[in-house]
Structure formats: C-alpha cells, structure tokens
Amino acid sequence: MVKVTVWNENRHEQKNPVVKSIYPNGIHTTIASFLEEAGYDTLTATLEQPEHGLTYEVLENTDVLIWWGHLAHNEVEDEIVQKVYEKVLQGMGLIVLHSGHFSKIFKKLMGTSCDLKWREAAETERLWVLDPTHPIVEGIGEYIEIDQEEMYGEHFDIPTPDELVLVSWFKGGEVFRSGCTFKRGNGKIFYFRPGHETYPTYHQKEVQKIITNAVSWANRSKRNYPSYGHHEPIESLKD
Amino acid sequence: MVKVTVWNENRHEQKNPVVKSIYPNGIHTTIASFLEEAGYDTLTATLEQPEHGLTYEVLENTDVLIWWGHLAHNEVEDEIVQKVYEKVLQGMGLIVLHSGHFSKIFKKLMGTSCDLKWREAAETERLWVLDPTHPIVEGIGEYIEIDQEEMYGEHFDIPTPDELVLVSWFKGGEVFRSGCTFKRGNGKIFYFRPGHETYPTYHQKEVQKIITNAVSWANRSKRNYPSYGHHEPIESLKD
Amino acid sequence: MVKVTVWNENRHEQKNPVVKSIYPNGIHTTIASFLEEAGYDTLTATLEQPEHGLTYEVLENTDVLIWWGHLAHNEVEDEIVQKVYEKVLQGMGLIVLHSGHFSKIFKKLMGTSCDLKWREAAETERLWVLDPTHPIVEGIGEYIEIDQEEMYGEHFDIPTPDELVLVSWFKGGEVFRSGCTFKRGNGKIFYFRPGHETYPTYHQKEVQKIITNAVSWANRSKRNYPSYGHHEPIESLKD
Amino acid sequence: MVKVTVWNENRHEQKNPVVKSIYPNGIHTTIASFLEEAGYDTLTATLEQPEHGLTYEVLENTDVLIWWGHLAHNEVEDEIVQKVYEKVLQGMGLIVLHSGHFSKIFKKLMGTSCDLKWREAAETERLWVLDPTHPIVEGIGEYIEIDQEEMYGEHFDIPTPDELVLVSWFKGGEVFRSGCTFKRGNGKIFYFRPGHETYPTYHQKEVQKIITNAVSWANRSKRNYPSYGHHEPIESLKD
C-alpha cells in the first residue's frame, strides 16, 4: 500500500475564520481523508511539529509527500528541506500544491524563481487536459471547472516540464501551466495549481481525483539509487 | 558584438606541470583566444581574483559566461553564485564545461546532484550528433572523435535536458549525454562534457567550433524580464 | 539572404468579398510583402498554379516554406506533398499557419489527426508567451491580443511539441497551444495558430513580427543529410 | 487483464534455418509466451493470415499491439495500417521492436523516415538506463548487456522522443536511442531496439522484462476520445 504523508503549513487555518470554516481540521486533514478513502496509508505533518513532523522515521516511511505552504515558507528549516530533497532524488514522490510553488523545496528542485502572476478575485478557473494519455487525468473529462479560485498567470518561471498535463483558463484573461510533471534523480514530482485556502477547492471531487491519481503516479521508485563516482572499464581499453 | 566572459578556477594549471604545458596561460586564456578569433568580445576571470573576477561591472557586461571548475568548487562564494544565478534567470547565457557539472552554479540551476560515473584512462571519446537541426553543431560532421579523454558515464543526474544534442561513446563501454541544453528564466544554458585538464581537448578544432556555436546560441535574450506578482484582470470579471 | 516561399490555397479570396476586401491580392501577397520588407527574398505560390507553384526549381530555392490552406487540402497532389516532406527532412524550414493544421503536409509530418475544436465568433484571442528564451518571440511583450479571431480549442491532437512558445486564451473559455515548434530530420517546423481569413490578422504588427522571427529561426540547415544504411565499424570488433 | 496481440511478419523463420532454430514457432510465439507467463491475455497474428490477423474483432480486443517486421513491410496492406493507426490514436498501446522501425505503421506515426545506420556483426550491445524513474526499466539494473546483436547507429531519424529511457553502446563505436516513448492521440508508443532474428535476444530475461513492463505502461487508455469540431462557447462572449 502506498504510504502518503500530507504536509501542511497549517497557519491560515489558525488565523482566518473563513479558512477555518472550510477546513476545520486543516487542509492536510481534508487531503489525507480523501486519500485514505482511496486506499492509501496516510499520515499528516505540520510546520509547528518538531522537525516540522518530517523526522527520519516519517520520511523513511513516506512513498509520496504532499506539500501545501504559503505564509511561512521561510520558517521551514533548511536542514529539513535538504532531507526532503535527498529523499526525492532517492525516489520519494513529491506533489506540490498551489502556493507551494514558492516553497524552499520546490525552488530547490526546480532551479528557478518559480515566480508567477496572481490575483485573488474569486474568479472561474477551467483546467483543460492537454495530455489525454496521462494517468494523472484518468477519469477526468476534457476539463475541470472551479467556480472560485485565485488566479495564477504566466509567465510561470519553471524549467520546461517533462509533461504538461493541464493548462488553466482564467476569467480575467490569463492562462497557466496548472498540472506539470518533473523528474529529479529517481523521484517524480507533480505540481498542481489549484487550492487557495479561502475556497473549498479540495472538497471538489475532480480535484481530489487528480491528487489521488498523482499519488499513484508518483509512487516511490523501487530502483536502487544509481552508482556514481569512480567506475572501472567494462570493456578492454586496449586496441 | 557578443560579450563573453570565460571563468576558470585556474588551479590545476598552477600545480600540475602536465596541465601547465598544455595550457601555459590557463584553460581560460585558450578558450578566450579562439572565441576572440571567432569575433566575440572576450574577457577572462578566475577564482583568485577579488569577487572571483565576477564583479557587478563584469556581470553587467557579460552576454555569455563560460564556466570551468574542478578542485575548488567549494571555494566559490555563495554570494557570487547567487549573483550569477540571478543573471542567468535575467537572460545571461551560461556554458558549463566538463567538471563544471559539480559547480555550485550548475547544481543550483539544475536542482539535482549532477553526479555521474568517471574514469581517468586516456581513452577514446566519440561524440555523436543526435540533433542535426541544432545550431550548436553547425559545421560539425556526424561525430567528433577525441583521442584521449576522461570518461564520464551514465547515469548523469540532471533533469531531462530541453534538447539532447550530443551523446558520447567511450571505449570502456559507457555512454553519456555530452551536449545538453536547458532553459532557466530568460536564460539559456549549455552543458558540454569534454575538457579534462590533462588532455589538449580545447586545442581541438571541432571542440572549439562547438563552444563557438554555443556562445552564439546562448547569447543574452533581449527581452524584458517578465512581470511577476499582483496582476489586475485584463478582461471583466463580471458575467 | 533567406529565401522564403509563401504558399496559399487562395480560394477564399476568390469567393468571399469580405476576404477579398481584407486581402485584395491574397493572403500570400500580404505575408510575402511584410517578409520582403523585413529583408527576406520572397516568392509566392498558389494551388491553381502548375504543380501548385512548387516545382523542383522553386523548392530547390526555398529555405523556408510558409503554408496557408483551408478549403482545398484534398486538392493538393500527394506527389507534391511527398516532395515538400522530403525537403523538410533534408533541412527546409516549414511554417504552418492557422487552418493549415489540417493540411496533408502537416498531418504527414506530425503523425496524428491534428484535429481540434473550433468556433467562428469574432472573439478575443490573447496569446501568452510561455518561453521567454525563444527567438520566435523576440520583440514581443508578455502577450499579443487579437481583437477578433476564430477560436481553436484543446485538445489539439499533435505530438508533444519540442517547444511550446505560445498558449492562447479565448473569450469563450478555451485554451490552445498556439505557437509550437517541431523537429523532423534536418528540418524545423513552426505551427502558428492565428490567421482566420475573415479577420485582418496578418495586418497586425505583432503577428507579422512572430512570422518574421519564425522564418529566421526555421532557416534551412546547412548540414549535410546524415548518412544512413550499412556502416562499417569505427572501432575494432576484436576483444 | 491486459490483452496483448503480438504481430510478426514471420518470414525469416520460414526461410532461414538459423532463425528457425532460435524461434521454432516464430518470434511472435516466444514473445507471447513470456507475456502469458507474466499474466497477460495474449494473442498472435502474422502477415500471411487474412487481414494479416488484424481483423476488426482482434483490434477491438487488443489493449497493446506488439510489432515485429523486416523483410515484408511493403506487403502490409495500407488499409490495415490505417486501422491500426486509428486504434493507436484512440488509445491502443503500440510496442515497435527492432526492424519494425521501418514498418509503415511506425513511419506513419512518427512523420519521419525512421532511417538509421546498421551492421550485422554479432557485436556486443550495452543498453544504459538514462531515466531511472521510468516504469519500463523497473527491475532492470544500470544497464543490460546483449552479447551478440546487430548494430543500429545514430543518426536515428525520429522526432524527439517524449522520454528517452535507454541508450545503446556498440562495440564498433556507435550509440543509439534504444528505448524511446512517444504519445500520439490517446495512445502510447514504445520503440525498443533489440531483437535481430539471428540472435536469441527475446530469450534473454532482461529483454523480456522490459517488454513486459512496456506492455503494462502502454496499456490502453480508459479515456473517451476527445471531442473535436464545432464547439459552443462555455463563457459568454458579451463584454
């Protein structure tokens, strides 16, 4: 069974009654709950826990890590970021949600600023499927419509994604690469745009379906880590 | 005229008479010299200079930066790495040579370990052109042969290149992605494998031709940096 | 000097007074005219000419071919399509415009149906730049706005583009991959979406700039065609 | 259960006693046999059967089609090729083996000549894993070694693969993109190089493992075919 750890900063939920009313037990609990139902073995972890809840034992037992953060990216300890980074290169899957685009771990794995345009105006987002072969959109129609979301607009400063699965249309006139896959070392990464804290996005079935599919797609590689460093010749070097 | 700065650690040249005999004035001088002949405006910079020779003025006047380092990656100041990184995102071209795969700047831009297999055995390397449309291999035949080189072997821990231009065959049995392009922000990056300090690789005409082509390809973008942050709607948000 | 041949079906111009009033001498003449001004050596060719104007001599003297067709894709002779196809693999650039997505030559080079959604409703199209490093969008801002265009919507049934340069937003709620590059053999291909015949799209400066840039980018490769077939060993096969 | 049809030209087996001795019941039977053992529901089809064994019923009941051909590519009826092509766009997986690179169906789906260099000299091939995240190489070490194989060398005239999973090293000095994935419509395609008829390649465990993995990866998409053609606006076109 795939073991998922859902990490959440869990700050908006404490400070903003609107967020609290949508996610009474935090975004992480909502996400963990629909993943549990889908048959995954789930755990949650939050910023305020010791080592942000991402201890050696937790990371050893995580096949896929989900990341939601926004206000407190800078409070995440560099040492923890480094541990997560190494785990991804060794094969742990990583799903970065919404404002997690600015998290230390995502920027470190991308090698770019991960900057973008944004606007909070409760506008319609429509995510179009560009890659109908992709398992992450299995069971999803030609698009997903979210009534009210924050806008994220291009240019999105990421490296060229390995696969561009979804592109968003926003009412206000922008587009955005909303579902992107990346490979790093033995690990697979999925960035998924939706999920502003003041809207009930993670309660929407299609959004849950995509995250559920993504966990399965990103599941930890069973390969050994490649051997690096000095290497004896396999063939004779004589002529 | 394209302004190129050739950066070199310049350590092997001071310590190893073999290297000194091949590159009496340093690898940087050899590279700058053939680029000068090709019509570029060139400058060199080395580790031991103040700010490693990469002052504000130098970087402002650099369209393409070439990077050779090996022994002393860790002596490169983080602050300088950060400045180069920002310049690349803003549009400066970057060409990373050989052991520069382990430089701080390349690892930061890639988001991976950039690790690989290696062997110093003076063996034959043959670089095959995989992308005949690419301007970086204009004027190059179907392959380049280098009589004696260090081996680098897969797995090479980089993100999927935007373009895979060259793949190397090594006598001892390995292959390697030897010519790779990457886009980061407004900037273009080319990684080019050959160039071990104890062999006269940068005196070989085809190697010079590829680096010369790469400078032209990587030339600084004339675009403005994209606008990021809050963005007013372009279209009405009313229904 | 780059030699461009602009091919146009030239049927709507004969049948529809609206089209005639926008392009009195045909779409091909308008396109050839701004390319001429940009310093290219231009020629036009149309469906009704012998061999559709694409004789051996014309193709031999074409570095980049531009293709506009719509009503009469099936009237293009297979033999001519085959000749153009071979020229592309040998290094001739190809720029396919708008409804040319359904041309025989584009479908043959893509290997897919090239189907899409469409709607003629004179609605706003906004083309966002996704790849700020690309020479095809040099001199273009963050987006281009076209007041009135036909809508093309995803899913667009093409192979994954080598580079995704532009994505369109449409007023009616769709998105589309509007500027895509592809490599085939020694040749480079650019598909550019805008250009419905009943709107003055090819009179718009930014649209002209992109086509002008694309010609320069797609310019015929100077490489020899690779050698294929039986190949003697380069290295000894003895142990 | 995934339904696999293994298609084989089945000519060498009839004409060449060496091939007959290695594959007494044909290459198709050997491949079908290890796939059956791996738990797939398998069927075989050959050139000489009516409709080459690829009737409407067979294709309707095929999730993944495997293709081996060499001598008789031109004897495959265009009508059958067209049916297979449409099935792939609709979601059927396709695995093309070795000399199948020159089959009508592969060339049609690629849009290129699919040409390459070759040599029959019973030399060593070593296939290196370039993409350790890929499910097609699960259970495979850092490389596979095949003692005796035909050489295929670059340039291989294919479009840029969506994923480059394996690159081959050949004793005689060449490299080759040996494991490549492509997406076309709803369908997934895997090209896998090894399998010259005079060597026992398909009896080798690692080769079998890769083909077995590829079937699972290429399994027919459960998505509906996208809707194409005229499309009503989703959003109001009024300002």
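In this document, chain identifiers A, B, C and D correspond to the written order of the chains, with residue numbering beginning at 1 in each.
Assume a contact is a pair of C-beta atoms (placed from the backbone, for glycine too) under 8 Å apart; a residue touches a chain by one contact, two chains touch by 3 or more.
Quantities reported herein were computed from a predicted structural model and do not represent experimental measurements.
**Student:** Tell me which chains count as touching both chain A and chain B.
**Tutor:** Output, common partners of chain A and chain B: C, D.
**Student:** Return the chains shared as contacts by chain C and chain D, ordered by label.
**Tutor:** The common neighbours are A, B.
**Student:** Report the chain whose mean Cα position is at the greatest distance from that of chain A.
**Tutor:** C
**Student:** Give a one-word verdict, same or different, on whether chain B and chain D use largely identical residue numbers at their interface, taking over half shared as same.
**Tutor:** same
**Student:** What's the distance between the Cα centroids of chain B and chain D, rounded to whole Å?
**Tutor:** Using C-alpha averages as centres, the distance is 37 Å.
**Student:** Can you check how far apart chain A and chain D are, centre to centre, with Cα atoms defining each centre and the answer in Å?
**Tutor:** Their C-alpha centroids are separated by 33 Å.
**Student:** For chain C, write out the residues touching at least two other chains, lowest number first.
**Tutor:** Within chain C, the residues that touch at least two other chains are 126, 131-132, 142, 153, 155, 160, 162-163, 171, 173-174, 183, 185, 226-227, 234-235.
**Student:** What residues on chain A touch chain D, complex-wise?
**Tutor:** So the residues of chain A touching chain D come out as 91, 124, 126, 131-133, 137-139, 141-142, 162-163, 171, 183, 185-188, 221-224, 226-227, 234-235.
**Student:** In the complex formed with chain A, which residues of chain C make contact?
**Tutor:** Those residues of chain C that touch chain A are 126, 128-132, 142, 153-155, 160, 163-164, 167-170, 173-175, 177, 236, 239.
**Student:** Which of the residues in chain A come into contact with chain B in the complex?
**Tutor:** Touch residues, chain A against chain B: 89, 108-113, 115-119, 121, 123, 151, 153, 155, 157, 159-160, 162, 171-174, 182-185, 226-235, 237.
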